[in-house]
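Naming follows writing order (A, B and C), and every chain is counted from residue 1.
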Amino acid sequence: MVGLLGSGLSAAAEAVRAYGPDRVLVADDPRLKAFSAQGYSAVAAKMLSSLPEPRAVLAPATAMGRELLPRLAIEVGGTVAPDATDVVPREGGGLVVTRPVFGGRATLVVELPTIPCVSLRPNAFAAEKSPGASTKTEPFPVGDLPATATSVVVEKTVVTRGDTPELTEAPIIVSGGRGMKGPENFALVEKLARVLGAGVGASRAVVDAGWRPASEQVGQTGKTVSPNLYVACGISGAIQHLVGMSSSRCIVAINKDPAAPIFKVANYGVVGDALTILPALTATIARSKGLPNP
Amino acid sequence: MDVIVCVKHVPDAETRLRAASSGKWIDPDGVKFTVNNTYDEAAAEEALRLKEKCGAKSVRVITVGPARAEEALRYVLSMGADEATHIETPPDAQLDPLTISRLLAGVIKTLPHDIVMVGKQAADDEAGVVGSALGALLGLPSYAFVTELNPDATTKTLKMRRYVEGGEEHFNGPFPAVVSLLKGAADPRTPTLPNILKARKKPLTKVPLADAQAKAQALPGAPVAGTVRSFVLPPPKTGAKMVEFQTPEEAAEKLVKLLREEAKVL
Amino acid sequence: MPIGFELTPDQKELQTLASKFAREEMAPRASECDKKALFPEDIYRRAFDLGLMNLNVPTEYGGSGLALLDQCIITEELASACGGMTTSILANCLAIQPINLGGSPEQKERLLKPFCSSYHLASFGLTEPSGGSDAAALKTRAERRGNHYVLNGQKCFITNAPQASLFTIFATIDPAKRDKGICAFVVPRDTPGLSIGKEEDKMGQRASSTATVIMEDVKVPLENMLGKEGEGFRIAMQTLDSTRTPIGALAVGIARAALEQASKYSLQRTSFGKKIAEHQSIAAKIANMTIELDASRLLTWRAAWLVDQGHRASLESSIAKCFSSDAAMRICDEAIQIFGGYGYMRDYPVEKYLRDAKLCQIYEGANEIQRQVIAREFLKRFA
């Protein structure tokens, strides 16, 4: 069962139908235009109570999904875990959830008794369309909402583009070194970072050479980072760079020199010229995410 | 106006992690703990700015944790908070975020509070549960991923900004409320040495775990919680898996597939 | 109080403050300031704003009024980021200590309070070109003329002199009287006749500034003399007694940084198919460095603790300063050795530690003097 909450949901309902769920409940109400945890959880709890035997609640681990679920868990007497990368049924009901902790430096496996409310890390689960799905959408009456929900008013929404996250907080970092050949080629690094929603990092050599600002320097005299994914482009892997990034959960190294020390700490290596690999990688990721190729 | 800020004493971001022999969490031995992780420190800063902006009566800092967690409280007192409350747990207690929320809510309920501030998530378990759970338990609205807030005391309205995927919303909501902060408007202040010395005289109340548990009983919802089955640190790296390819496009396709399906980082 | 080796929560709090400042504000600039011999005044201002500067001045005069052990804990943290900056930050404690020790309540109120209420630097002027260790033989003259003294002479290797707004100067009314003729004066920078010589180009601690102070007919009013005529030598010696231990802590900080860098490197770098830390010769080096660092820190803490308990602790503070600074040289030397060729390169931080540590053996009583003190104090027990 898919529950959709919000205002003006017909397109979203159509999109969801294509994946072939058994039911789609649509709580489409102008009072839900502005998100509030208190309002949305009241409606979601009502949806759950309309079901004979709810087993689990799943939501995307977006800002709203992560905010909604703890409140819903309390309202329905359930349990909660955020940002799951794996979910399996638990014996005796509920779910066993795997999720990253410590900035992706470790994983926690948690048993959640029923009703588990779990947000799922974007991209960690493949969504497959079900051609010819004939699910009908059912309107769900919203009914009364708490006053603290209806008095939340969104004044405006600002869409930020090219917003690169703070390096030390970035879940993904694309970093460039001497192998980028010149400051002008960092556009390739930036483009890959944009499609990944990543921060841009740099090796000491290129910062010293004045190609990149010092704020981007990763390593002993720069920043220590531990993102989920670190893409090192044309970085040979001097020790002083490695100590700043080797705790990253997954490291990809792209370098022409197969003997470069960066390959020792990397999880995946591509022996090739970053200048030719990067545009292909950017295009592939943009395509898979449905984004324009920058 | 009374402001409460909840913080957690967590391992320093640069600490080397080792699994405890229980296999369920880190081994705290030799770990440096701190409160100055990005989110809680920002929440404390914002709580203090609320006090400065609107003449709040007091800022109280509260934590749930073992004896060592007092350091976190003292740090925030040194930043400028007025009072502290420590719900003290046994050193090896491993509490579900919902359990922590219930302990906090039980005690907060007995204290004056107009705005309860929390950081977006703790730097260790990264659950990000406490903010909206506290809202539900205290019967208050909650707002998360907030990046800016300005209270209007006469209309009891918070003017806020919050992160949403791909952008930012400017929105208003009523208070009393719980606000979960993504990042603050200003860099957190560093306690100065004179303020550290002053903070030593500020009141710090200890609440035994049993008292907090008793207070939590009257809260809505059921005291159910998740339990940790295992805590896994990735094995040390043994060299990269090399991507074989003929064309850059092939390299990209193969790499993306590995990152998505094997490493699960995309 | 029983002996305890665990820091109290209060001490840990000070340590956290200092370590955060060191890591976030000092460390990122250390290499640049060293290479270019820059005096990072913004960092020193920030240290003042955080209350990390006038640690030894009582709170009623605007300082932090910390115990010596607290000062040592802070000093170690700062020095682990940059020895030179730490020297400049500590220089105020040294310069002001004569006022703490020899000043009347009126002088403290008049001199210390305005000095500590906003950012100012002060310099301690004892050493002269003709000699530092034999302090009783100083040549700077003080001549009484009516209601003031006239100072003539030179002080050399004076930390922070180019930027200082206040100097404590030791001068003699009669060289023949040796230590009995020495007086201590407080001289503001803008006093006519006081000038600063060329800034020295130093081997290490290059973020700190050092210059000669030249006095030509410098008129100092009577009310700026600390204590009585002839008490200057005692004031100088007591000052050095109390600031010697923090120099031990400074050496500990530098050595700690060197050991940390070398340890990390030994776990990253591989040779002959294993981490170099797994080679016995490297492991032994790390072990020896760890032993020496630990001993240095304990000696420093002990000396500070004794002073805080009200003991004079000449012997113990000399032991702490002498051992810690000698050990720091050995530790920094081994750190370079562990880094091999990289250690010799300026791109890596370890060679700087060695250059910075060297000064700890020389200033505030050269280690030869410390050994004389140690022998003299110890032999007293048998005399």
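Everything below uses one rule, namely that a residue touches a chain if its C-beta (ideal position, glycine included) is under 8 Å from a C-beta of that chain, and two chains touch if they have at least 3 such contacts.
Remember, predicted model here, so these are calculated numbers, not experimental data.
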Topology of the chain contact graph, where touching chains are joined (line, ring, star, complete, other): complete
Between A-B and B-C, the pair with more C-beta contacts: A-B
Rounded Å distance between chain A and chain C, as computed from the means of their C-alpha atoms: 51
Where chain B and chain C are represented by their mean Cα positions, the distance between them in whole Å: 40
Intercentroid distance (Cα basis), chain B paired with chain A, Å: 20
Chain C residues within the chain A interface of the complex: 28, 31, 264-265, 268-269, 342, 347-349
Residues on chain A engaged by chain B in the complex (per definition of touch): 34-38, 41, 62-64, 66-71, 73-75, 77-83, 85, 96-97, 100-113, 116, 123-124, 146-149, 151-160, 168-169, 172, 196, 224, 226, 228-229, 246, 249-253, 263-272, 276-277, 279-281, 283-285, 288
Touching residues on chain B, where the partner in the complex is chain A: 11, 13-14, 17, 19, 26, 38, 96-98, 101, 121, 123-133, 135-137, 140-145, 162-174, 177, 180, 220-222, 224-234, 237, 239-243, 245, 247-249, 251-253, 255-256, 258-260, 263-266
Residues of chain B touching chain C in the complex: 34, 36, 70-71, 74-75, 78, 190-197, 200
Chain C residues within the chain B interface of the complex: 9-10, 12-14, 16-17, 20-21, 49-52, 55, 59, 64, 66
